[in-house]
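The two complexes that follow have chain A in common; it is paired with chain B in the first and with chain C in the second.
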Partner chain A sequence: MADFLSQYSIQRWLEACPQGYLDGTVYGHDPDETEAEEVLTIDSLREASIAVTVQLIAGERCALAASSGLINCAPDDASKMFLATQTLDEARHVEIFTQRLMDLGIKKEDVNSTVADLANPNLVKFAEVLLEKVANKDFVAGVVGQNIVLEGMAFSVFELLQASSAGNPKFAKTLAGTIADERRHVGFGENRIGSLIQEHPEKRPEVEKMQAEMSYYMLATFTDMFSDAGQRMEEAKAIAAQRDENPLDGVSWHGADLMTATPDVMEAVLADTVLGEFKTRLGRIGIEYQSPKVPA
Partner chain B sequence: MNDDLDTANSVEFETDSDEAPRRRFELEETGFREVPKRWRKFYRLWDGPGDTLAPNEVICPVCKVVIRSHRELRPGDRVYCMPCMSRLVVARGPDGGLIADVLY
Partner chain C sequence: MVGTGETGDTGDAWEPHLLDEDEFLREVQSFEFWFEAIEGYLGDRPNGYDPDLVEAELDDAERDQLVTILCNYPVGETAALEASSGLVRLAATNPSQIFMATQVADEARHVEVFRRRLEHLGVSDLDTTIASRANPELLEFKRTLLGFVDDGQWDLAVFAQNVLLETMEDTVFRFHQTTADPVTAQILEGVIADERRHLGFGENDLGRRLAGDPQRRAQLTEVRARLDPLVLRCFEATYRDLGLRPDEFPELGRSYLDAVERLGLGG
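What follows is the complex of A and B.
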């Protein structure tokens, strides 16, 4: 049974999502919005934006494969219906971030090779851990991996990117829609597993091992992404300083001043935030959080 | 608009005879669009550390949206977070403010 889904329906999803916060949008943003000029004209910023967008596409492709695969191993019809809507959400995310890649100048025929070249190897391994559970039709592990670990990570990463995109309303708007979707997805994960894990306590050790493994690859991805960000962040700050009004002035995220924080500080704040959320969410549903190994 | 609509279950609003009556609140649209129209005024986005909760509001611990009720909330009230589908019970937090715990 999934009582929390008793009021959920495709109709409600239609009213909340396509007829709600996505109404009037084109690829997730307002029709007249374009990428910030400096992102399109300064090579290093454009390359950084492409690199970030590729990771988003890689993550969303994993989420699409996982959510669609989980439909057929869901133990109840209500979960199947929810996962059907989540599958469309994830497909939309793949599409809007792919469109952003093209907006940044990548030709359509080069999208797949660009994603293959730039997707972080640790993020690929993160996805493989999850997709193995889905391939084995392991619903409990699959939902924890997808709707708590992956979505929990995405929730915080999207929030950070949204806060960092104060000067890029198009991308910020795109992210706002995905964050709204993630609220449903993490809600499904917590509520479904919160009851299901009580019925299958024998699953806990395996799920906890998976969480530690996925968390390790997530931290390694963060390390890789921030290790090369120093020069680009300095360049972005210099550009911002030339403006009369700096859109990041006074903007903070979980206590970090986005104007002054170094890449090391931002990596630490992001990692602490995501792992803290994992610990809280897993603790609520009776799964013991496992501290991952720290990447070298 | 149906005035009977609320995020909190009306049967939970019974007030003990020795408690002050609950205050009522008019809810206005907040720009929140993540639920069907008739429910939107019952939710708003949390603005971060500078934000404060009114007596008829509580944060959903699952999705971080602020849930709003027509009436003052008190410990023991059950509320529903439509954006993430969580069923919650209001409790008193360590700092004396209202928090919500998830009911699985």
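What follows is the complex of A and C.
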């Protein structure tokens, strides 16, 4: 364990992240990059971008609260070191997505009210399930909820958004840095918690129940977010057709053609991808994946 | 990463103090600002010091004394790590939450560099050695500080951590830096630079909140008076570890007294 945890030191993090793949960026993107023009000028696309960005901020605020809250109940110094780097990663994510909200025209003084108004209620419940474990200083459940469930979801959502942002290099670049961060976080969760689950097998039922509950709220969030996406996706296609070029032409994500896929198809592909990842990763740490209830 | 300013450049013309108050806080309490700051003094110093720096020759007694002194530092830094991580959730504004997250990473780095220094000095069982040599006064201070955090008392916790603890560390580290071997001195230099930022945040945040709130000021003055003896005992214990006789102690806590005076907590 000591060797594995040494890979997550502050020094390694400094070299890999701020001195590495973030080098030369401002708020996660190249200094001269701006939002795609149509996102800024077409109301429906701008509103949709704001709604998506709000969900990212809500998720990252939860991750920031969880990772910082877990430091005090971490069983060893090396885990505290890693969680300290994760705390700052998540704070950075909050900052860059908040900046994006302002780049999309939300005034600084309206950021918090916009997030409160537009955060999906199911995503808020998803966060509450996790933060209850953190508040109870339950390290094992907290790390599984944070570094496998929440981060696993974020990883796939960010990948999908990045693939969908072929026409918006600024946002795609911002997401690339967060994806690199999330990959580290998921890796820590799998490695550290596997040994802790073996030491505390009595924790399994509680952790499995939490995973099912969080997965349910995650699926409900996906359903809500894709339910009114059809018109917007058609609008984006029409704009691309007028320009005689579609940046999504030939782009696919986990087998779905992003230029032709319907919202229902995209929702199903995203849900299957995330749940598949949960199953694989939970299996590696000795937790039995629980199929969640399907949202109505 | 590059500096942000308003336009993403780091040109000489950019001056954060010309920004309005909200914008200033958002700027200086950001990840970007933090990284710009630490990169200046840590960029070429992995683990806090220049790898080409030559170790001083220490005899057994000198090495043992240094180990004893250094054993106190991870205790104070771990207290700060645990307190600042708890304060992330208590922060009232997004910028102060981001700042506290940068402090979490700073404190974790301090724990890491001091522990590594101890390992390089030949300490094999770190946790046991630290537990056996650290001053009990520091552990008492840590309990008090974390109690404030657990009770959700932002003002008291920021005062205890970002004013009291940071001033204690700043004072002791500065003194130790003047007598330390080159490697330890360079590690301390980077840590001191971080502590100054934390202290600045504490004074700035509390100063704004105390202005026009005499009740809160009175409460903090009372807490300060209650903690003073403990703070002084911490100073004395550390100076003893540094090998000083009482008549050689530097003026105890001058910068601490200056800080509480600036906050109007002189009582």
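Methods note: the second predicted complex is superposed on the first by the 291 of 296 C-alpha atoms of A that agree within 3 Å, B and C clash if a C-alpha of one lies under 4 Å from a C-alpha of the other, contacts with A are read in each partner's own complex, and residues count from 1 in each chain.
Heads up, the rule we're going with is that a contact is a pair of C-beta atoms (placed from the backbone, for glycine too) under 8 Å apart; a residue touches a chain by one contact, two chains touch by 3 or more.
Note that the structure is predicted; figures quoted are calculated from it, not measured.
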{"item": "Side-by-side fit of chain B and chain C on chain A, or clash", "value": "fit"}
{"item": "Vertex chain A angle, Cα centres of chain C and chain B, expressed to the nearest 10 degrees", "value": "90"}
{"item": "Partner chain(s) touched by A:Ser68 [first = chain B, second = chain C, both, neither]", "value": "second"}
{"item": "First, second, both or neither for A:Thr85, with chain B first and chain C second", "value": "second"}
{"item": "Contacts of A:Lys108 with chain B and chain C, given as first, second, both or neither", "value": "second"}
{"item": "Contacts of A:Glu15 with chain B and chain C, given as first, second, both or neither", "value": "both"}
{"item": "Chain B versus chain C as contact partner of A:Ile285, first or second or both or neither", "value": "first"}
{"item": "Partner chain in contact with A:Gly59 - chain B first, chain C second, else both or neither", "value": "neither"}
{"item": "Chain B versus chain C as contact partner of A:Gly145, first or second or both or neither", "value": "neither"}
{"item": "Contacts of A:Ala180 with chain B and chain C, given as first, second, both or neither", "value": "first"}
{"item": "Superposed model, chain A: greater residue contact from chain B or chain C", "value": "C"}
{"item": "Minimum Cα separation, chain C to chain B, after superposition on A (Å)", "value": "11"}
{"item": "Common interface positions of chain A, toward chain B and toward chain C", "value": "15, 23"}
{"item": "Parts of chain A lying in touch with chain C, wherever the complex brings them together", "value": "9-11, 13-15, 18-19, 22-27, 31, 64-65, 68-69, 71-72, 77, 80-81, 83-85, 87-88, 90-92, 94-95, 98, 108, 111-112"}
{"item": "Contact footprint of chain A on chain C as seen in their complex", "value": "1-2, 4, 8-9, 22, 26, 30-32, 35, 39, 42-43, 46-47, 78, 81-82, 85-86, 88-89, 94, 97-98, 100-102, 104-105, 107-109, 111-112, 115, 146"}
{"item": "Interfacial residue positions of chain A with respect to chain B in the complex", "value": "4-5, 7-8, 12, 15-17, 20-21, 23, 180, 183-184, 186-188, 190-191, 194-195, 198, 280-281, 284-285"}
{"item": "Residue ranges of chain B in contact with chain A within the complex", "value": "33-37, 61-65, 81-87, 102, 104"}
